[in-house]
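After this come two complexes, each holding chain A, first together with chain B and then together with chain C.
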Partner chain A sequence: MTALLNIENYRLDIPTFDGVLKVLDGIDIKLDQGDTLGIVGESGCGKTVLARSILGIGPRNAKRVSGQIVFDATALDELSEAEWRRIRGVKISMIFQDPMTYLNPLLTIGRQLSDVVVAHHRAQGMQVPAKAERLARCGQLLEQVQIADTQRVLKSYPHQLSGGMRQRILIAMALAGEPKLLIADEPTTALDVTIQAQILKLLRDLVDRLGLTVVMISHDVGAIAALSRRVAVMYAGTVVEQGEAESILTRPRHPYTRGLLAALPDIEGATHPLEAIPGTIPNLITPPTGCRFHPRCPRATAICRQQKPETRSIGADHVVACHHAFD
Partner chain B sequence: MSSLATMPSIEAAAGAKPLLSARHLTKVFHTGGQEFRAVDDVSLSVGHGKVLGIVGESGSGKSTVARMVMRLIEPTSGTVMFDGDDLTAKTGEALRRMRRNMQIVFQNPHSALNPRDTIGDAIAEPFLVQTRVRGSELDRKVEELLDIVSLPKTFKYRYPHELSGGQKQRVCIARAVALEPRLLVLDEPTSALDVSVQAQIIMFLQDLRARLNLTYLFISHNLAVVRHLCDDVVVMNKGAVVESGPTEAVFKSPRNAYTRQLIESVPRIPRPAS
Partner chain C sequence: MLTFTFRKIAVLVGTMLGLAALTFLITNVAPGDPARLVAGPDATNDMVETIRQEYGLDRPLYEQFAIYMGDLLTGDLGRSIVSTRPVVDELMRYVPATLELVLVAMVLGILVGVPFGMLSAVYKDRFLDQVTRIFSISGVALPAFWFGILLQLFFAVRLEWLPVSGRLPLTELPPEPITHLLLVDSLLRGQFETFWAALSHIILPAIVLSFPCLASILRVNRAEMIEVLQSDHIVAARAHGISSARIVTIYALKNALLPTLAMIGLRFGWMLGSTVLVETVFDWPGIGLYAVSSALASDFKPVVGVTLVIGFFFMITNTLVDLAYAWIDPRLRRA
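And then the complex of A and B:
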C-alpha cells in the first residue's frame, strides 16, 4: 500500500533581507490513510512552514531546493493554481490555532458555513443546492462536530460563541469537503485546558468515525500524545526522530527528544528532576554545520560538527537521525 | 487574632504570620451598565519564603487578584496585608515606599520592555525611581543583576529586540529583584516561552528563591508547572476560590468537582520507565 502522504527529502529556503533562511532541511515523512501523525517542536523549528507547504500555502517567496510532497499519488509541488483548487480544502483541509481570527466577525455562522458548502459544490462542478438543502447540510456538519443546538449556532455571530465552540465550527468547515487529510496547526493552543480536552476528544472521534487522516502540529507534547498514533520530532528544520508515539515518548533515542521530554514538568508529580536544554535555537540563515542540534547536545563529538546524521531505523516503526543515539 | 479561626485552612498550615494575606478581595467591573464580578470574596495568604500558586482558566480572575495584590488596580472591597501592614489603606509616599518590597513579572516579556531602552536602562530604572543610587554604583548594580540572572554583562548595551524570549524574561526578573523585594508576583511568567526555555526559567526561579530568600505568588494556567513549583495552591473558577491547600494534597486528592475536572483534562504523556 502506498502512503497517503509522502514527503521526501524536502528542502525549503526562504530569502529574507538578512540572508537565506534554510528553513526545512531534508524532511522525510510518510503517513498512511487513517493514521494520525503529531509533529512536535519548539518555535522556529519549521513545523508550521511544513504544514503549510503540504497545503500549498507556504510563504510565497519560499524556494523548494529539493524533494517533493506526494499526496494521494499526486505531486503537489507541480500543481497549477487551478488544480490546487480541487485539492485545497477539498481533499486536504486545515484548522488553525486561533479560531477567532479565521471567522468573519460580521457574518453569522450559518452564512459562513453555507458559503463553504456552496464553494465546494462549485469547485466540483456540481449544481449549487437550494437554500433549504444548504441549511440542512450546515446542520449536518455541525452535528458532526457534536454541536447540539444547531439552529441557534447557525444564527449566531462568532463573538457570541465560546472559543471551543468556534474551534468546532472551524472543524466543521474543514470537514465540509469530506477531506482525506486534515492538517491541524496548534488546534488547542489558544483554548483552556478543559475545552482543549473536549476538542482533542472530538478529533479522536472523527478519526475513528470518518477514517480521517490527521497531521497535527503542536509544541504541546501532551496534546500530541492525546491524538497521535505516530510522532515526528522536529528541530531547526529537520526531523530528528519519528515513529510510533508510545515508542518515542517512552524510549526516546535522540538527545533533543530526551531533552524536550525532560524539560516538561509532570502533572503526576515530580517523578524526575526538571532539566533544561542549554543554549537557544540556532539562526537558520547560518545553521550549525553537520547535525543542527550539535551546539546544544551533551553527546556531540567531532563527527556531529562535520556530517549531517543519516536517518536510520532502530525499531519496527522508529527512526532517528543522530550519530550518537541512545540505545 | 480572633479572625484566625475564620481564615481558610491554608493560612493555618502556613503557621507563622504570613508575609502576604488578602482578605475578602472583590473586584466588580462595570461594562455597558452591567456589573461583572471578576473576583468575588477571595482570601489567600503566603507564608515567608513560600510559593503560592493560583491556577484557573481564562476569566477565572487569577490575574485580577495578582493586580489587586500589587495595587495596580484597586479592589472594590477587601484588604491586602503585607507583613502586618494594611496595603489597601496606604496612599502616596507611604505606598510608594511599600512597593519596593513587592514586584511583579508579567507574562509577555516582549511587551514588558521598552524597545527604545537598552537592557541596562531597563534594569537601572527601579533604582532611579526608588533610590539615590546613581553613576558608577548604578552601573555596578546593573552588572550584578545581570550576573544574578546568568546573562553576560555586555547585555546592558543591547536592545530588547536582540534578545530571545527567555533572555528577555530573565531581564524582567532581574529588574523585578533589583530592589531586593520580599515578594515576587509572577503572572504566567513562562506561558509565552518554549518548553525548554520554560524549564530554564523555572529552575532559575527555584534557585533564585533560595538565594534571595524570596516569597512567590505564582499565577498560571499550567497545572504541571504549578505542581512542580508551588508549596500551596489556590484553584479559582469564575472569580471565586473553589479549593486551596498544600499542592500535593490538592493534586493527589482534589475535593472540588471543578478541580478534579481541571486536573483530569490535562493530557497525560507516556513517560520513560526509568
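And then the complex of A and C:
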C-alpha cells in the first residue's frame, strides 16, 4: 500500500535579513491512509513550517532545497495556484492554533463557513448550491462539531463566541470539504484545560467516525498521545525519532526524546524532580554541525559533531537518528 | 447600532455648539474694533458709538454671546460689512461650489486610491507598486498652484480639451437649483449638455485638489493591506481554499478599509479648508476665495460663517466615518 502522504528528504530554507534560516533539514515522514501521526517538538523546531508546506501556505519566500512532498500520488511542490485550489480544504485541510485570530473578525460565521462551502463546490467543478441549501449545509457542519444553537452561531461574529466554540467552528470549516488529510496545528494550545479535553475528545470522535488521516502538531505530548497512533519527534528542523506512539513514549531511544519526556510532570508517581534539557534550541541560520542536538546532548561524542546521524530502523515501526541511541 | 448612531449625533451637536462658542471668542479677542471698521476712517466718535449700539457691541460679552447663539440657531449669521448682504445668502452662493469641487475630488481620491492601494499591496515591490509609489510621492510633494497651472497649460491651452477656468461657460445658464450642486442639478433637470459643461470645468481643479488626498489614501490602504494580508485569518482562508481574488477583495480589504476611512475623513476636512489655492488658479467661485478676501478686509461675519460651515461639514464627515466604522466592524457597535 502506498502512503497517502510521503515527505522525502525535505529541505527548506528561508532567507531572512540576518541570513538563511535552514528551517527543515531533510525531513522523512510517511503516513498511510487512515493513520494518525503526531509531530512533537519545542517551539521553533519547524513543526508549523512543515505543516504549512504540506498545504502550500508556508512563508512566501521559503525555498525548497531538496526533496518533495507527495500526497495521493501528486507532487505538491509542483502545483500551480489554480491546482492548489483543488487540494486546499477539499483534499487536505487544516485546523489552527489560536481560534481567536484565525477567524476573520469582520465577517459572520455563516458568511465564512458558506464561503468555504462555495469554494469547495467551485474547486470540484460542481454547481454552487442555492442559498437555502448552503445554509442547511452550514448548520449540518456545525452540528457535526456538536454546536447546538446553529442558527444563532451562524449569525454571530467571532468576538461574540467563546474560544472553544470558535475552535469547533474552525474544525467545522476544515471538515467542510470532506478532506482526506487533516492537519491540526496545535489545536488545543490556546484553549483552557477543560476546553482542551473537550476539543481533543471531539477530534478523537471525528477521526474515528470519518476515518480521517491526521497529522497533529503539538508541543503537548499528552495531546499527541490522545490522538495519534504514530509519533514523530522533531528537533531543530530534523526528525530525530519516529514510530508507534506506544513504543516511543514508553521506550524512547533518542536522547532528545528522553529529555522531552523527562521534562513532563507525572501525576501518578510524582517523586522525581522535573528534568530540563540544558541549553536552548540552536539558531537555525548557523545550525550545529553533524547532529543538530549535539551541543545539548549528554551522550554526544566527536562523531556527533562531524556527521549527521543516519535514520535507522530499530523495531517493527520505530526509527531513530542518533549515533548513540539508547537500547 | 441605533443607540450608537444617536450617541454620535449627540456628540456632533455638542461639538458644533463648542465650535460656535470658540469662533465667537476668537473674533472677540482678535485685534481691531469692528464698530470703527464699519463706520469707516472718517467717522466721528459719536458715529462709532451709534454703530456700536446698533450692532449691540456695547453690551456685556455674555449678552452678546446669547444674541449670537440665538441668531445662529435661527440661521442668521449677520451681514457682511463689505457687501452689506446677509452672510447666509453669500454662503449659499459659494459653499455649493466648494462642496461640489471637494466631493468630486474625494470621489476621485477614493475610486483611484483604494483600488490602487490594494493592488500595490498585492504586487508589493513589483512594477505596479513602484509606479504608484512615485505617483503618490509626487502627489504629496507637488504644490497645488504649480500643478494646476501645468494642467491648464497642457489640457486647456495646448490640447484645448478642457476649459481653462470657471464653473460653467458664460453662455451656459445654470440649471434651476435643487441641491445647488451643478452636476447633480443638471442631471436631475435632464440638462445633459449643462452636465457635460460642468463636468469638463470641474475635472482639472478636482484632479489638482484630490492629488495629495488620493496619494495618502493610496499609501494608507497599501500599508494596511500588506499588514492584513499577513494575518492569521488570511492564512486560514487560504488553507480553506478560498480564492485569492476573494481573499484580497473581501477578506483583506474590509479589514484594511478601517484606517483608510479615518484618512478619508481627515482628508475631507483638510480639502475643505485648503481649496483657496485651487480656487484661485481655476477661478472657482468657492468659499476659499470668499474667506480669504473677507479676512483681508477684516470682515469678521463672513469669516465666522465660513469657519462654521467648514466645521459643520468636517464634523458631518467624521460622524459618517464613525458610523461606517461601526457598520464595517461589528466589534465597535456596542461601544
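Just so it is clear, the second predicted complex is superposed on the first by the 325 of 327 C-alpha atoms of A that agree within 3 Å, B and C clash if a C-alpha of one lies under 4 Å from a C-alpha of the other, contacts with A are read in each partner's own complex, and residues count from 1 in each chain.
The rule is simple: a contact is a pair of C-beta atoms (placed from the backbone, for glycine too) under 8 Å apart; a residue touches a chain by one contact, two chains touch by 3 or more.
Keep in mind that what you see is a predicted model, and the values were worked out from it rather than measured.
Undergrad: What does the overlay on chain A give for chain B and chain C, a clash or a fit?
TA: On the superposed model, which is not a single observed complex, chain B and chain C fit side by side.
Undergrad: Give one of first, second, both or neither to describe whether A:197 is in contact with chain B, with chain C, with both, or with none.
TA: first
Undergrad: Rounded to a multiple of 10, tell me what angle the C-alpha centres of chain B and chain C make at the one for chain A, in degrees.
TA: 80
Undergrad: Going by the contact rule set out at the top, does A:251 touch chain B (first), chain C (second), both, or neither?
TA: A:251: touches chain B, not chain C.
Undergrad: Now for A:31: first (chain B), second (chain C), both, or neither, which partner does it touch?
TA: Neither partner.
Undergrad: For A:214, decide between first (touching chain B), second (touching chain C), both and neither.
TA: Neither partner.
Undergrad: Does chain B (first) or chain C (second) touch A:274, or do both, or does neither?
TA: First partner only, chain B.
Undergrad: Applying the touch criterion given at the start, work out whether A:263 contacts chain B, chain C, both or neither, answering first, second, both or neither.
TA: Touch status of A:263: first partner only.
Undergrad: With the two complexes overlaid on chain A, what is the closest approach of chain B to chain C, counting only CA atoms, in Å?
TA: Here the least C-alpha separation of chain B and chain C stands at 9 Å.
Undergrad: Do chain B and chain C land on any of the same chain A residues, and which?
TA: In chain A, nothing is touched by chain B and also by chain C.
Undergrad: Show which residues of chain A lie in contact with chain B when the two form their complex.
TA: That would be residues 42-43, 192-194, 196-197, 200, 219, 221-223, 225-226, 245-246, 249-252, 259-272, 274-277, 280-281 of chain A.
Undergrad: Please name which positions on chain C make contact with chain A in the complex.
TA: 231-233, 235-244, 246, 250-251, 254-255, 328-331
Undergrad: Contact residues on chain B for chain A in the complex?
TA: 57-58, 164, 166-167, 194-200, 202-203, 221-225, 227-229, 248, 251-252, 261-273
Undergrad: For chain A, which residues are in contact with chain C within the complex?
TA: It is residues 52, 55, 57, 81, 85, 87-90, 93-94, 96, 98, 101-107, 112, 115-116, 119-120, 122-123, 157, 159-160, 170, 173-174, 176-177 of chain A that touch chain C.
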